[in-house]
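These are the structures in question, set out in turn.
Next, two complexes with chain A in common: one pairs it with chain B, the other with chain C.
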Partner chain A sequence: MLVSILISVGFLLACGLVLAGLLVLAEKKILNYGTCHVDVNAGRKVLDVEGGSSLLSSLAEQNIFIPSACGGRGSCAYCKLKVQEGGGMVGPVEEPYLSPEERQDHVRLACQVKVRRDLKIEIPDELFSVSRFRAKLLHKKPLTHDIVELRLQLLEPDSISFEAGQYVQLESAEYKGRESVMRGYSISSVPSDNQHLELIIRRVPDGICTTWVFDHLKEGAEVLFSGPYGFFHLSDTQAPIICIAGGSGMAPIWAIVRDMKEKGIARPTTYFFGALTQRDLFFLDEFRKLEQECPWFKFVPALSKEPADSGWTGERGLITDVVSRHFPDTSKHEAYLCGSPGMIDASVAVLTKNGMPEANVFYDKFA
Partner chain B sequence: MKETPDDKALEDRLGASKFSGEGFLGTDHRPVDEIVAADLHELAQLGVAQETLLAALRDAFEKARAALGGEVEIRPGLKAVAHESMGRIPSPFRGDGVFEKGDVVLTAADGEQIVLTALGLAMIEKHSFFQGRGSRYRVEPARAARLLDLV
Partner chain C sequence: MTPLADMGFLSSFLLIFVSAAFTDNILMARFLGMCSCLGVSKKVDTSLGLGLAVMFVTAATAALNYLVYQYLLVPLHLEYLRLIVFIVVIAAFTQLVEMIIERVSEKLYNSLGIFLPLITVNCAILGISLFMLNKPYSFLQAFAFGLGGGFGWFLAIALIGGIREKINEAALPKGLAGPGITLVVIGIMALAFVGFSGMIKI
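== the complex of A and B ==
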């Protein structure tokens, strides 16, 4: 009885293996798409890629890194681009992530488009300058009870070109059975220090990447990331500036303000830093020093839950109320915001109520 | 009941993934439809409609979110605080889209807590899925109804 069961199981296994082998063979021989040409941005770059893989991985092999958080599983919808020709039908996996306008506009998920023939695609020009970097963690410095600063020395490539306000995608290593993931963090260092990169990261309870950063990543370790990404940067107008950001949202503002100082851009700038209590504040001395060095810059930390008897003499209240008190008329200003969707929505509401055109509000939502 | 390939695929997506380190099932080994049926049964026994509970949870979620990290009182003895987080998380239910990360922690006077997320509320609304036992984000229907003064 046992022998016949074993023979049956063995037979089924063998059949499965033969079928799998035939499928692999068929993929290679029958479904051999050969070399396909991918025309990127109307001839700016034409890539020769081996057909059969996803557009996302084919582009990555050619050093064009499209943002993706799920590793090509069609579940994060970060890897949107335009496929003008050769993309085939929109598949059932990507369909829910595309609005009717996007479908009309030939937007697709790069991970769900298979390269089977020549393609014409459009990507933001900024993505041409995205690279994958290997770096060494020089230091991991606690800034508050739940925020750290990472300083990285770039190894390969050994320098980076970016605009203050942009972000990178950090790749966590595997730990405790958790897969490697990619998460975006704003760069807090200045572009002139192009052989280093600094990030400000807040711990998220149970967060896969931040748990790795806080509990597993050691100084001296090698770190992988790609970037720079994003369109959040200083405009080239002369309008006075209001910045609003709390917690780790300070990162791009810290980079932008210091970059302004280095470049001699003296637009009147006020930075409102919202926090709950004094234990959530950081870089106070650094910002006070910047205030002394740059007469055009003003720093306003504000606490919403600081005990009344704590001796705190600075601003108190919700950051949006504090902004409104300082700027009852925002019609001539531009605003730069970074933080949670809730904070951004509330700030946009106050700024526009006080007269700022919505087109003058620039933000980096944590979403 | 025999598990279909779709059930299996859903249960895989509800497990630990690149997006949710712990997954949505916690330590619960029951099939998803059994979890859903048990929670709906519990609500029916309490005489609380799912829509009523969901509306109260959403109200608490939005009030906390508007307080930008500050503590708000939802009702006497129940406080809520929103915590921000970077990025978005896709629903494990295909086609439901992506949701803002970040959570809202409801804390009762005795320390009992419920953690709400935008995705968690959407899964309750569309699939009556309150998440598995042992998940940090499970909304135990009876406990939630009691904390929100619905029973």
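== the complex of A and C ==
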């Protein structure tokens, strides 16, 4: 009896060990691509990277940070770049994100391209100016029941140059078996305060990064992020502006409006802040103050789920209906949107229906 | 004496192949491997890719598991461990093949290789390895059984993929769209395959 138990356990053990050993050996022998050269922007920089991992992470190791909101899962399509040589075939994951023109231009998703041989790639020059920052968390202030504001003091490098509306990628630390991830958050502070950075973050239930921010990140701790990224910023026209953002989507708008004030840009601006109920509102006093100081600025908070018998005297209803009521004709306006894909799609639909050319709508989608 | 032993080599090989593919279709008659089939059969090309991958892996692992069973488990009197050993062998084999394909041909990897992790723990593959032990097969006959079973699965998912591609264009009632109509389709197809049963007895 004992012998048969020993034999079976020993056999299973041996079986597992042999197969695992075989796989480890195979991975070393078969998937060893050696060192590959990555030529960036026709010789501007040539990197030696260890083959076998994704182009996105290989570049990040070499301090070139391609924007990516999903962390390399192939779902945000932010990490597009041109791979002129050596990228291999377009994989099934990236196919849906590439238009026929982009395919012709050899555009790929950096997270889906594996470095297997020497590569020639092209990236926008401004990505060279993206760097990785070390900062200290000065304070973490709750704004509502599920939104906090982080204020960071930059340590190294000790200042950052960005345009209001851009975003950074925060790196979460490992906790309780969850791996470190990078997630994009818009900067809510103004560019003139270049030694500090503020972010507004809403808790995503079970989100790896936001759970870390809410439950594990302590004031005084060190924080890593890279940036600035993104093309969401004020255009240099004179068109009147409509901003629509709810929840933590307020961040880039808060930065842009205050930046306009500092720079003396007095384009007529209306900011529609959509929320569910009164407990989801924040920065009301700050915006009211801004409204008094700047005659060109108007702040319209609107609640969609506020009980009818509450004391709320402001706007009610879906944010898109409220916008439509205020601006039945949007043909002369520009719009700046930030929020969930659903809210953005709905807003774009209303704005274009009221006459706005689609080229005048600028937005940042955060899934 | 089994009827198979009386036949010539080729005819027994063919008979086993056909019976595994049609009368005993692993997807339609035994309803194994349904999860990956439902997940991937939205388009014909992905269906074909997954189907081919499954066919290749079932054939190879049936042969491999036959050897493991006959020359390791039987002599050691550990037949009762076949379930767990087969799972490990299949998992290791698919991983290994994925690595090799990735290295050898990117084209093959993109069309076939990405499905291999999906079928690492596919019950159809394990099912074929286990069912083949119920019959007194020789090594080549076991291989034919694996190949036939895999081909049957390939055939079924290719058909389902084709039907789903057409059905997606139709105006379906909301509650029926997606998995609902797919299961109805599979049910009707299964009826057709059940019609084969009893035609070949081995």
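Assume the second predicted complex is superposed on the first by the 263 of 367 C-alpha atoms of A that agree within 3 Å, B and C clash if a C-alpha of one lies under 4 Å from a C-alpha of the other, contacts with A are read in each partner's own complex, and residues count from 1 in each chain.
Note that a residue touches a chain if its C-beta (ideal position, glycine included) is under 8 Å from a C-beta of that chain, and two chains touch if they have at least 3 such contacts.
Just so it is clear, the structure is predicted and the values come from calculations on it, not from any experiment.
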| item | value |
| --- | --- |
| First, second, both or neither for A:Gly339, with chain B first and chain C second | first |
| Which of chain B and chain C A:Phe11 touches, first, second, both or neither | second |
| Which superposed partner A:Pro252 touches (first chain B, second chain C, both, neither) | neither |
| Touch count on chain A, higher of chain B and chain C | B |
| Chain B versus chain C as contact partner of A:Gly88, first or second or both or neither | second |
| First (chain B), second (chain C), both or neither touched by A:Gly72 | neither |
| Partner chain in contact with A:Tyr185 - chain B first, chain C second, else both or neither | first |
| Those residues of chain A which chain B touches in one complex and chain C touches in the other | none |
| Residues of chain A touching chain B in the complex | 69-71, 73, 75-77, 93, 95-97, 177-179, 181, 183-185, 204-208, 211, 246-248, 274, 276, 304-305, 318-320, 339-343, 346, 366-367 |
| Complex contact set, residues of chain A against chain C | 4, 7-8, 11-12, 15-16, 19-20, 22-23, 26-27, 30-31, 88-89, 91-92, 116 |
| Chain C to chain A touching residues, read off their complex | 46, 72, 76-78, 81, 84-85, 88-89, 92, 95-96, 99-100, 102-103, 106-107, 110, 114 |
| Chain B residues within the chain A interface of the complex | 16-19, 21-22, 65-71, 82-88, 90, 94-98, 100-103, 136 |
